[in-house]
Each structure stands twice: as structure tokens, then as C-alpha cells.
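Before anything else, here is the set of structures, which you'll find just below.
Two complexes follow with subunit A in common, the first pairing it with subunit B and the second with subunit C.
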Partner chain A sequence: MAFAIPKENYAGKVREIVIGKGDKAVKIGGYDSMPLCTFEGTWPNKPVVAMEVYDVAPELNAQGWPPATFEAFKDVINDPGAWAKKCLEYGADLICVQLAGTDPNAQNKSAEEAIEVVKKVKEAVGDIPLIIWGSNNLEKDQEVLPAIMEAFPNENWLFGPAEEGNYKKITASAIGYGHLVAGKSSIDVNLAKQLNILIENLGLSLDKVVMDPTTASLGYGIEYTYSVMERISLAALAQNDDKMQNPFINDLAKEAWKTREAMLTVEEEPTYGEQNTRGILMESITAIDLIAAGSSILIMRNPTAVKVIKELINELYS
Partner chain B sequence: MGLTGIQIFKLLPKKNCKECGQPTCLAFAMQLAQGKTELSKCPYVSDEAKAKLAEASEPPIRGVVIGTGDEQYKIGEELVLYRHDKTFFNPPLIGVLFKDTEDDATIDARLKNFNEVSFERVGYILKAHLAVVKNESGDAGKFTALLQKIKDNTKKPIMAMSDDVAALEQAAGILKGTKGVLYAATEENYEKLVDIAKANELSLVLKAPIEKVAELTPKIVEKGFKDIILDTEARDAKTMFQHNTFVRRLALKKKDKAYGFPTCNLIYEMTDDEIKEATIAALAIAKYGGIIVISDCKPEVILPLAIQRLNIYTDPQRPMVVEQGIYPINEPDENSPVIVTTNFALTYFIVAAAIEASRVPTWLVIMDVEGMSVLTAWSAGKFVADAIAPFIKKVGIADKIKHRKIIIPGYVAQISGELQEELGEDWEVVIGTREAADIPAFLKEYVAKNQ
Partner chain C sequence: MAVNYEILAIGENINIMSKVIGPAIKERNAKPVQKMTEDLIEAGCDILDLNLGPARKAGDEMMAWLVKTVQEVDPRVGDEIPLALDTTNTEAVKAGLKVVRNPEVTFINSISAQKESLNTRMPLVKEYNCRFVALLLSEEGIPRDVNERGACAADIYNKALELGIPENKMYIDPIVLPVSVDLNQVIAFLEFLPLIPDFAPGASSTCGLSNVSNGTPTELRPKLNGPYQAIHMVLGIETSIIDGYDKAMMDLVKGKKKNLVDLAGRFLAHELDEEKFPNVAMYIEANTDYKNQPKIDPSSLEGEELEYYKSFLVLTGKVLYSHSWLEMSV
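== the complex of A and B ==
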């Protein structure tokens, strides 16, 4: 008897989303099977890797910046444009401008300063699409993100995170200035769906929306993110729920690199072994979990982790 | 499991005598079908019915037990494709490769790591589980010498790996009594290897193309041997994911007994890159691997991989908890601040990591609220003033400090007044931060102010 692949039937399909414009535009989504199951569905677009550029130069050994991440960028860390170019050299599909410095509890950088950073990045990378990520401060993000949208109209960039507490302003500006929105909900299938509906009701087509289900790191809740993404994917594909048929974005590098497993030096914790490999694996394993759970955009930091993950994406989706 | 309540009912004696504790045979059958009672509770079932029920109630994926004593593990017996559907039950074994072509120094260093690398996390021990000894040299003498050496120097189970049946036969003799694993039976040699495995009480990997498995496992089972593990010869990440998925789906969704066995993934054959190897191993852990073999046993690789294993196999229904008690961080003394929070493992990890990052010596006091986060526990009435106050007095923090100040999470600022009252005059309740990320700044300022 010939071997028959045990295939699943899916009723639904995830929306194809275009970020940026022209030749360099990046497409994600458009798939109609569970993640990695290319034997029973069509995956016109592979997951992509966005590498981070920060608005404020981090210091060596500050949270998230042990040698493994700092050294890779130390020559460009004060120059967002050069930093972005470096990311492209490392194989980034797009650039994610992280506006952590705008947080009132951090450097409280102004919207104008953020616009300057974005301008430098844009000048450096040309038409490579950008993801602009706020500081997770609800108030400040709804001030800064719309200001950047207005300063760079109709670039069709992706802006996030838009949460229940600030999605209105961010969405309205995205509609007005021709951009996309990443809606962030807190690890819950129904909340994710509800936010999509709220955003759509404001008038933004769901063809312009990606979902951030709240991303946790390996060791610090990855299993919650993993399972909520699997459940949302099943709702989208098996149950054909068209309010959940949007691709995922995962802001994972911040989470993976702030863990004690990534930050502790060999002197501080001799039993943990060599620090660089340990940290890189915290990032790459978090990333492979998210790919297995259906991520379309992975926001990453360390070049070695990016290289391995890009290789694996190419193999798994070949 | 296999049978419905009605099907089971047909096999019962239908006496309705209630001796099983159920009002009727039908009720008993229904309970049995849901796995809520055991067949042995009915004294009157016929042997024939017993045999039929036993076969039907076998789990769809065979559980294979490997190792002995404290180092005994079970793989297989999984019931779902997605962990959120129930949970994954038996986490895969992390196997570490030892080749008989490697020099003594390399072997000794790896063996030392294999035995000693171990981490504690929320009450679980993270480590590698299985020594995989490979006859790379083709020389049976070298192979069995290495096998003997490793057997003499570890309590953990061993998988012996060779293409040479005679070498495997000798290996089986060495491993007898350890409940180890033989690798591998093939279409050509399985009859001989099944006999060897059976005689020495070892489990056996069947190495065969995925389409051949359906043909071979029934023949092996017919020989009275069931402790089979499948290597479907996947040697890259994509094929591995697909084969593991096919095997799991065939066993669970198609109820195909021929595929109802745990899998073995040789990750070290898939790449020479250390990071890539561990990343593929992590994928194998998430997607249905049973034995996962990597090329080395470095702590910096075992730690993240074992965390992956712990996370993916955490029961989604049950939150991870840490033990109630006092956790000293950064070597606190009698003047150090005291922070109180709940025993939800994530809360603990994040708060402990933030305190550690601050480098401020601090007492972290963890209260058992059944693994709820701060806000959930507060709204459930478990992290409230009249529960926290007696806990603080009982836990013994007062013996460790000269001051009487405790810092509570910013999210429960509203309980500070009441808690103050419950604790009494000599205590002072301080409202801490809402987010753990703000703890370092808070602690530094707090210590400066309180000096």
C-alpha cells in the first residue's frame, strides 16, 4: 500500500499583506495551512526577519546588550543610518526602528527627535520598508507614532504596537497618512480578534493590519505566546474566522536578550557556560518556536541568530 | 480510549451488581470510556473481554520506558497534536553523542559535562538524559570498550548505535539491566535485533523510510516486541518536521497503530553549526521528537534546550509555580529591602531577574497564591491584606531584618492601608512599582533614601 500523507483540510486563508512599496516592498501572509505544513498548503511568502535599530545608543552590558549583541553593532551604535545598513549586511529583510528612547521613563525623546532618527534610517536604506516600533508607553506612542506617519506619508510602513488603550489615534493616522498597523493584544485569542474588529471598525482595512499577540521569551512565558498563536492560526485556517486571518509580528529580541540566561556573565554564573552562545540560543530558540507557531515577522537582534534563523526559514519553506 | 462506552458495555457481564461502585454496567462502561475508572474494579469480566479491552485501551502512541531508578524516563503516550488541546505528557530525552573515534580527552570532558551539567528551575532539574554511543570506527572492540567505559561512569541510560549486528549484540550484553536503547533495526536485520533487544530488555530504534514503517512495525509487534522507537531517516529540519508530524497524525487522527511509537531525531547529522543544531533540536522538542540527539553537552547549549523542553511540556492548564518562602538575592543583610510578590513562576522570574539586575541586595518574599499573577490573585481574594499579613508574620522575614518595611507590587497599591492595619504599628508598607522593569531604578532610589 502506498504511503498517504495525512493531510488536513483548511477552510480559511491568512491575508496577504504588503509593507512598503515598489520593488523593495515586502509581502507576508497569504498562506492557507498551519505553519511549516507546506505539504498541504500554499505559502507564497516565507516569514521575514526585521533587525532592530535603536533611537538611543545602548551601552555595553545594559539590559539586553551583553557583548554578543553590543559588539556586533559597536561601530555604528551612535549612527542609526549606519546601524541600519549594517543590519542589511547581516541579512535583514526589513528594518525595525525601535523608539525605546521616547519612553518618558527612559530618555523621554520627543516626536521630533524620533522623526530625525527615522529620517536617517530611511536615507541610509532607501526603499527597504520600515517597521516603526514605539516604547510601549500608551500615551507617548500615540503621540510619537502618528507624528512619524505624518512626516513620512504614504510610505506604507508598519507601525506598532497599537493597543486597546491607544489604537484609535494610531489607526486614524495610519488611515490618513497611508500606513499599516500592528495591533497588540495580551496573549488571548478573543482579545486579538476584538482588537482586529475595533481597528477595522475605525475604517482601516484588515489588509493593513498585523497581529502582535504579546511576545514572551524562552524561559519567560514562550509557551503562552506559542499556544495562543497556534489557537489563533487554527481559528483563522480551520474555522475560517475572517477576523483573525492576519499574519503575526513578534517583537522577540528585547525579551530574549533581557533574560538572565543571556545577561549573566561566566564570572557571575560559572555553571551556565559560555555567555555568547547561551544568549544567541535564547534568541534563536525563541524565534524557531515563534516560526513553528506561525510568525510572519520576527524582530531580531544578534547577527548569528539572524543568520541561522534565515537559513532555517529557507530550508523549512523551500 | 479506543472504544466508546457502548462498545465497552457490550463486553461487560451486564449483572448490574454495583460492585464496581457504579449503579449499572452501562454507567461503569461510560466511566471506563472516559478513563475515569479501571477495569479491575469489576470482578466479573471474562478473560476474553479483558484481552479485548486491554488492546483497545492501549494508548494510541506506545509509551517506551528508558533507564532505571532516578534516571528512568518514559517517552511517547502522547494524546494531542497541539499542547493547548490538553498537554504534552512525556518530554523528549536530550541525547548526547559519543563516538568511538574521538580521543579520550574529548570523551572524558563530555562525559563529565553529561553527568554534571544540571540546573534547577521551578523545582525541575534541567539536564541531558541519554548517552548515545556510536560505533563510528566500524571496530566492534573500540565500540564496546567505549560503551563499557560510559556505562561504568554514568547512571543515565545509554543508546548503543552501530550498523554491525554482531557489535550490537555485544553492546546489548553490556547494557542488559539498564533499560537502554539499541540503534538500529532495519528492514534487513530486524528479526535478529528484536530477539537481541527482547533478551536483554532493551528498547529498539527502527530505522526505516517513513513509508516502510507501516510494513515493519506490525511484524515486530507480532514477534511480541513493542518497545519500538522510529527513526524515519530524516536528516534535515524540514523532513524531520514533516515526518514527526506525519507519524503523530497517523497515530492519533488515523488511529494507525503501525505509527503509534515515539520518534528519534538525529540532529547532529543535520548540520555542523552548533547554534543551528541546537535550534533544530528546539524545533524537534516542540514538534513531536521523542529522542533528540545532539553532538555535545556544553552547559550553554543544554540550559536553553532544557528550558525549551520544560516550557513546551508545561501543562497549559496548570500554571508554573515556585515555592513559597524567602529568596535572598544579591546577598542581602538585616538592612536590605524586602519585596513581596506572588508565586506565579513568571512573576517570580521577572521580579528576581530585575532585582538581580539592580545589584541591590534584597529579600524577595514569595507568597503561595496557587500560581496566580499579582492582579489575578488580588481579584481572586488571595493576595489581599488579611492573607498577606499573617503570611508575612509566619514566613519569618522579621528574623532576618532589623527594619520593618515591606514593599508590595504597585498593582495592589489599593491594599496598602488595610495591610498596614493588619500588620500593626511597627510595620510600614511601601508601594513598589507596577512593572518589574522599573524595579532597578526604584530599588536604587529606595536604598539611597533609606540609608
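== the complex of A and C ==
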């Protein structure tokens, strides 16, 4: 008798989500098997890479960016539009505008300044869909993100993170101005479900919602992120829990590039080896782990890491 | 064992962690403590738990005072209405046993399978011929599954037999954990309950029920506690440590809500995956008639019964818990 691979039958399916509009719109989700288990079901949409463009120029130093990434963008670092174009050359599927500069504890940039940045990026990349990511400051994000939604109505872009403390304003604006929301919960399967329910109760269809389970880097708790993504996926697919059937986004570059392993120079830590390779590996392997955990959108930074991951995705999901 | 429509209620409310009563205990202010004791007796509590927590500083004095204070309320307290001395300070337990009206009905809450607990506390059970809660906790901490619970129970049981302590002095607590923390533990508890007669023949059972809803918004906690209790009653639990001020809970454990217990029985009989709940399935088959009763039609339920049904779904892992579980349609 021929060997037959034992297969799991899943009862549920994750929603297909469309970001952007027209020919350049990006589709994610729509899968009905666990990640990489394409012998048990289908993943009609491959995971995608969103490359970061920052609203304030990073610096080349121990608090900012190490050379591996800085060098790749140094010509465009003060021009969000040119930066975004460069990302497309490097293979980005979407652009993620990181509004770290709006954080009151950083440069405290205003909503108007953020709108200017988004405008430059939009003018540069045309119809490529955008992800607009706040500074993780609950108060400021619920002011800045809705202002951008209002300035660019009905673009069907993805805005996040919306958390339990600020999802109301962000979600209400997304409904009013025709955008999507990424709901962020802190590594907890029950809280993730609760946030989806709350967002839906406000009136946003779950067809417009992506889940951010909170992302940790390799070596700094990625196993917790992996585990909660696995549990959410099992609830969605095996238990057919319709409040959990939403694809994931992972804001990983920030996490991977603030690790000791990425930041320390060879002089500071000779045993770690060459710094550039190290940082790129930290970002790449974090991303690989998140693909294995079921990520649909990877927010990434370094072009070499992006190249590695795009090739890998094409091989895994061809 | 069979379905228990009525079980003994151990009131959990006299607790040093309580905002109401904690300061009164620390200041040796008898009035609020005695008022609460009256309330709990009035509510129908059969046993009163006196929880002093770690009680590291002068715990013995505090426990002696507390026992005397609650005993002043009613001549039955400490005897017909037994006390459970709930503290990790063994000197405080001893001090309580010395002043309680009838040590033989008094509980030590608790003795775990940890060496120190077995060696210092089990001899007290022998000395006072009292009862004790066997908390299934080992040197490694909280047991992860049914088998580790069994190993803990066997350790405690054997230690008791070694000292010549009768089996019926032992009340096994398989440890309730919150549904919002680890659902597998909520299930492991249910799977262990039917095994108690195998692991510890002649022993009784109890648990700290309210922990199942720890982390759930306060006003919703009774909505999980009640249904979990109803399931325990189907599976033959004999006592439970509960909130004496939860009127609905008191009605349930005093046999005034048989419909809800039977609803739990029908749920367990027809809606559980037997591979995930082999012990529960076997127990239901052997000890109850629920297999012959109809499967629940959720569309026919309303009010309290519908809420119970929704809670059964999250407590058995059929539906993933979220704080809005009662708002979901079934």
C-alpha cells in the first residue's frame, strides 16, 4: 500500500482582505490550512513584505541605525518619497509609513506634518497601497491616524496599531473614511478575540481588519509571538471561530534592529562577528519564523533581508 | 458517586485579601468579621473558610483571635458549622486548632504534595483527628495535566495512610485555574474529577471554584462560576469553596437549580469530543442517564439557561473565551 501523508481537515477559513484599490491592490489571507501546510489546504495569497519609510530621518549611530541598513538608504533618508520609490526597487509589495516621529517622547511631530509625509509617499508610489503605522503612543495615535484617514479618504489603506485603549476613535474614522484597521493585542489569544469583537461591534466589518498579535524578535521572546499566532490560527481553522479568522501583520523590523546582536559593533563585542551580516540575519530569521507562524504582512527594513525573504516566500508558496 | 444536586458550600469570603474584611482582621476589629459571619450563615454556607494568606507576622495570634471571634457569633460555628483554617503558616493552623470548638470537623486548608507540607502538616491531622484539603501541588508547582494531578493525589493519600489517617478526612482539590489563562487546565480539572475514587478511594472532593473567572470583568464572574459549578456537580463533586454573597450560586449548590445541573449533564453527554474528554464521557455513561436525554437545542433556550449554555461552550474549549462570550450568538 502506498504511503499517504496524514492530513488534518480544517473546518474554517481565514478571511481574504484587500488593501488598496485598483490593479495595485494587495490581497492577503483567504487560506484554509495552517502556515506551510499547503498539502492540507490552500494559501491563495502569499505573505507580503511592506518596507518601512520613516517620517524622521534615522541617524547612523549607536542609538539609531547600524551601517548595514543606513548605507542602503543614505541618499534618500531625508526624502520620504524617494525613500518609498527605493523600497519598490528593492522589491517591496507595499510601503509602511512609520510615524515614529509623532511620538510625544520623540520629535512630537504634528498630525499635519504626518499628513505631509504621507502625501510625499503617495505622490512617489502612485497606487501602491500604504500601511500607516503610528508611534505606539495610545493618545497620539488616536489623533494622528484619524487625521490622515480624513486627508486621504477611501484609499482603503491599512492603519495601525489600534489597541484596546484607542481602537474606538481609530475604528470610527476607518468606517467614516473607508480604510482598514490593524488591531493590536498583547500576546494573548483571548484578548485578541475580544479586540476583534469590540472593533466589529463598533461597526467595522471584519473584512477590514488585520490582527497584530504583538511581535517580538528572535532571541527576545519570538516563541511567545509564535505560540499565540499558532493558537489564534487553530481557533480560526480547527474550531472555525469566526471572530478569529483574520490574517496577521507583524511589525518586526523595529524589534530585530534594536537587539544587541544587531546593534553592537565588532569592537564592542568581538565574539559576535561581522556586524552587518549579523543584523541582516536577525531581521531575516525573525521574518522566517513569523512566516512559519502564519504571518501575512511582514513590516521589514533592510533590502538584503527583504531579498532573502521574498525568495523564500516564492519558493514556499509557489 | 452520581450527580450531586446539593453540595456543601464553603464560604470563601472571610479573607485577609478582602478590602472589606482585611483591615478589620488586621486591626482585630470584631464587628465587621462577625457581621460577615452572620451573613454567610444566613446565606446557607455549611462551612466557613478563614483565609489569612501567608500570615507571616504573628499569624498564630491572628488565627486564634479570628476563630474565637467567629465562634462568638453562634454556638454552632466551629462545630456544626465547621471552620477551614486557610493559611500557609503552620503555627497559625495549630493555634486555630487549639481554640476551635470541635477540631475533628475542622479543616486544614491545605496540605500539598510538597515535602514540607506533608511532613509538618499531616502530623497535625493525626494529632487533632481533623480534616484537610489535599491541594494537588507538588515541588514542581501546579500539575500540568491529569496524570500529574494523579501523582500528587497518590503522594498525599499515601502519606495519610502511612500515618493511619482515615481516607474520609481527605478532601481533594485538583486546582481550578482561570479560563482566561489556560483553558487546558480548566479541562484537566474536569477530566481529573471522575478519577478521584480511583486515585484516592474513600476521599472526598472540593475546589476553589471562583478562580476559574479570575481575570474576567468582576460583574461577569458569576456567569462563569455558576456553569463551572454545575458541571462539577454532574461529575460528583461534594464540596466547593465559593462566594457566599453570590445568591445564584448559593441557590445552585443548595439544589434549587436542578434544571441547570441537568443542562450541564446533557451538554457533557452530547457535545464533548470523547477523545478530549475520555474520563468525563466514561463517567457520564456509567453514572448518569444524560445519554438517554435529548441533546440541547440552543434555539429553545433563553435567559439563564442560554447564558449557561454559552458558558459551557467556553469552559470546555468548544469556543475560545473572550470577555464578550455572552454576547456571541449560538
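Just so we're on the same page, the second predicted complex is superposed on the first by the 315 of 318 C-alpha atoms of A that agree within 3 Å, B and C clash if a C-alpha of one lies under 4 Å from a C-alpha of the other, contacts with A are read in each partner's own complex, and residues count from 1 in each chain.
Just so we're on the same page, a residue touches a chain if its C-beta (ideal position, glycine included) is under 8 Å from a C-beta of that chain, and two chains touch if they have at least 3 such contacts.
Quick caveat: nothing in here was measured; it's all calculated off a predicted structure.
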{"item": "A:K24 touches, of subunit B and subunit C: first, second, both or neither?", "value": "neither"}
{"item": "Subunit B versus subunit C as contact partner of A:L198, first or second or both or neither", "value": "second"}
{"item": "Which superposed partner A:E311 touches (first subunit B, second subunit C, both, neither)", "value": "first"}
{"item": "Residue contacts on subunit A - larger count, subunit B or subunit C", "value": "B"}
{"item": "Partner chain(s) touched by A:N190 [first = subunit B, second = subunit C, both, neither]", "value": "second"}
{"item": "Contacts of A:D241 with subunit B and subunit C, given as first, second, both or neither", "value": "second"}
{"item": "Touching residues (chain side subunit B, partner subunit A) in the complex", "value": "82-84, 117, 119, 210-211, 214, 236-238, 241-242, 245-246, 249-250, 253-254, 273-276, 278-280, 282-283, 286-287, 298-305, 307-308, 311-312, 314, 316, 346, 349-350, 353, 356-357, 438, 441"}
{"item": "Complex contacts: residues of subunit A adjacent to subunit C", "value": "189-191, 193-194, 197-198, 201, 235, 239, 241, 243-244"}
{"item": "Interface residues, subunit C side, partner subunit A - complex", "value": "180, 318-324, 327-328"}
{"item": "Contact footprint of subunit B on subunit A as seen in their complex", "value": "1-3, 5-6, 8, 36-37, 39, 63, 105, 216, 218-223, 226-227, 230-231, 234, 258-261, 263, 271-275, 277-278, 280-282, 284-285, 287-289, 292, 304-305, 308-309, 311-312, 315-316, 318"}
